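Please find the structures below.
Each of the next two complexes has subunit A plus one other chain: subunit B in the first, subunit C in the second.
And then the complex of A and B:
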């Protein structure tokens, strides 16, 4: 699983949850390409949308991240790194 | 099946805490305020709730489930308390269609007002449905909850109900008789803003509130090779000048401010309202901010005319 694929999963989840900042395709593609990181306090992501993001990560990446894991997270890039780390552990890398 | 048994049955299929979250999301999108209060008093508390049987494959413990369940229900109960009303609003749920639910104290005797409420693409009204309902008066007001079930911003309408956005309103009138209501209005949040506006103008309803709606200039509802939405809005407005149109946006959301101005350019007489709160950043989701501040019941009642006794044609 590449970093770009993980970013795509997260981007798709945020679009699914209708997070306003991810309504524009340019913002989605910049994030997926790694050209842009986003601070979590930049956009309005409520508790239910956070749950939906965690569910999407588990369904698509096969690793479990729960909302409580995100309390100390500052940016979407941090979530990507957290997911990448857990994917690598699952894969025994 | 009572609510606790239903909860246990759903949890029995969950293998991870995220699958528990899925159960909580489904509940958050359907439970009434009274059901939230009931669960708050009984979910993993007291003698009524016997602990659910967990799946043999599940990767969480009962204490972890209890902690997640209590956190979830405590948050919902706190949300109701923040609204600041002395009583819990009495609503019951009547499912009329996959994407349409009527919340009413008693369906057989419609209240005075009907508020047709269209969600955004996330299928929520910017807060859990129990919180939204608690902001209205169950004695006078029924809520028709309309979900964007395809999550496409109502492009293509609503599956199995209406083939395009413009036809959603007429299709709803086949599910709910509007005649008994003295006042019928729409509230559309986010992607539901434009569809709510169109519905109100096309059906000649009393009022509409657009909350953080998208711009009609985006073209998402223009007919291929045909009429532009902006032109159609002007035509519909000509035929429905009595409809009060309020377009609200959060004071710190420049994109929504622009969209509100563009809506107003197509709808003569539309009232554009900047929502600001002292010391609070108000962006796209301004109705939740108003709800937390205890200001949403009066805001809704005033902008939609829900407390008016003297109604045109009533």
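And then the complex of A and C:
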């Protein structure tokens, strides 16, 4: 799983969860392309959206993330790094 | 009145045919003569009460007559279908305690059981009053576990009486009598004095054959009904009762059957264990997608997790009881304890009863998905996806998750010419089901099904890249 694919999974999950602003934002494509990071406090990521993020990561990347893992996270890039780290652990890298 | 006595009664009435197939027409006297001859031969060979006989006869008329003859001599029987591999037949025979295998033609060479050629030599007739046997029916499980349901001749008669439409009618089922449901419904039909119409050899046109044979009731599995209705046009079988088995028959499928086959559509809910429980007939098909009112003689309740009845409209576990129900599985103590308890039979289905008493099935209790405490019925997801114009059929299932409990996912089969992507379908489901939507949907050329047309969710679960499913 490449970083770009992980970014796509996270982006899709936020669109799926209908997170206000993110779905229509220019930041979305830049985030997927890895050209910029996005601060979570720019969007209204509620508990349901957090749940969708966790489900999407588990379903698509095969690693478990619980909502509590995201409480201290500041940006989407941090989530990418967290997920990437767990994917690497699962893969034994 | 016992099963054999019913057949003798139809002979006395002297009307109608008992069995019809291409080039074959047996009056009740003809058929009973064959049955009595076969029964006498079986008895002479030592087959009687306490003996379990496997039936490996592909010819439907011969199979049917053998079935009646075995009931007559008091033996128990189980179909060891010719379409099953020999090893599977042996495994079933061992579970059922089969001591002899009844066949026509030459005996299968690989079998380890004594084989008994279908007797044709004259033998002394049995007295009218003679203990009757029963049938062991295999349930077509979708979870990999097959149950064997014993039903005595007396229980078959009680179950038959809940299918009064067979009385004086001509029943055709395209599925072979070697399949459980066909065998059971053909025995119901005979018990009610109806005419059993059997398939012609090889490939055939169902609609043309029904017309040719004057069929009054065409009994179909859901998959067969969908296929036939898709090909037919303009009430091709007007006036014929179309009976469709299946707990979840979508409204749009019902409409298509009504428009293309016959307005006399009956959607039946039932099981091998109970026989027919309810059916929705003409004028009862609407968006509720109900299976109609529960038939007389069966008490049915919807209860919650504490086994307490729930108010009308609320979804809960179905339990039912009535005369003629099976009372146990042959060798499944655990399943018996689960399905037959507190004086009720628990089919494992979720359902609701409307204020007017109509029953709607909401899927299998085992199929209920619990996503972070939210109960989601697979039937709800499947119904929403099947409403998409490109989707022909859908199957929803849970993937187990240590974090979320279960995550709903689905597989779909597209209509011929239907175009949709997995992402589009996920978005569509989200729009219609919100939190209850499947989080991933895969498109398959064909959903995996068993030979009864039931979708095999266990096989589908294997197709997901992160399969932690126990479903």
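Going forward, the second predicted complex is superposed on the first by the 91 of 93 C-alpha atoms of A that agree within 3 Å, B and C clash if a C-alpha of one lies under 4 Å from a C-alpha of the other, contacts with A are read in each partner's own complex, and residues count from 1 in each chain.
As a working rule, contacts are C-beta pairs under 8 Å (C-beta built on N, C-alpha and C of every residue); 3 or more make two chains touch, one makes a residue touch a chain.
These figures come from a predicted structure and were not determined experimentally.
Taken together through their common subunit A, the two structures put subunit B and subunit C in a clash. Shared-chain residue A:71: touches no atom of subunit B or subunit C.
By the touch criterion defined above, A:46 lies against subunit B but remains apart from subunit C after alignment on the C-alpha atoms of chain A.
In the overlay built on the shared chain, the residue A:62 is in contact with subunit C alone; subunit B does not reach it. When the shared chain is aligned, subunit B and subunit C each come close enough to touch A:16.
When both complexes are overlaid on chain A, the residue A:54 reaches subunit B and subunit C alike. In the superposition on chain A, A:2 makes contact with neither subunit B nor subunit C. Aligning on the C-alpha atoms of chain A brings subunit B into conflict with subunit C at a single listed stretch, 8-16, out of 8-16, 224-232, 260-268 or 296-304.
Comparing the two interfaces of subunit A, the one with subunit B and the one with subunit C have residues 16, 48, 51-52, 54-55, 58, 64, 66 in common.
Of all residues in subunit A, only 16-18, 20, 44, 46-49, 51-52, 54-55, 58, 64, 66-67 touch subunit B in the complex they form.
Subunit B contributes residues 16-19, 21-22, 24-25, 28, 59, 75, 120-122, 124, 127-128, 151, 190-191, 212, 255, 283-285, 288 to its touches with subunit A in the complex. For subunit A in complex with subunit C, the touching residues are 12, 16, 48, 51-52, 54-56, 58-60, 62, 64-66. On the side of subunit C, the complex with subunit A involves touching residues 372, 399, 401-404, 407, 409, 423, 426-427, 430, 435, 439-440, 465-466.
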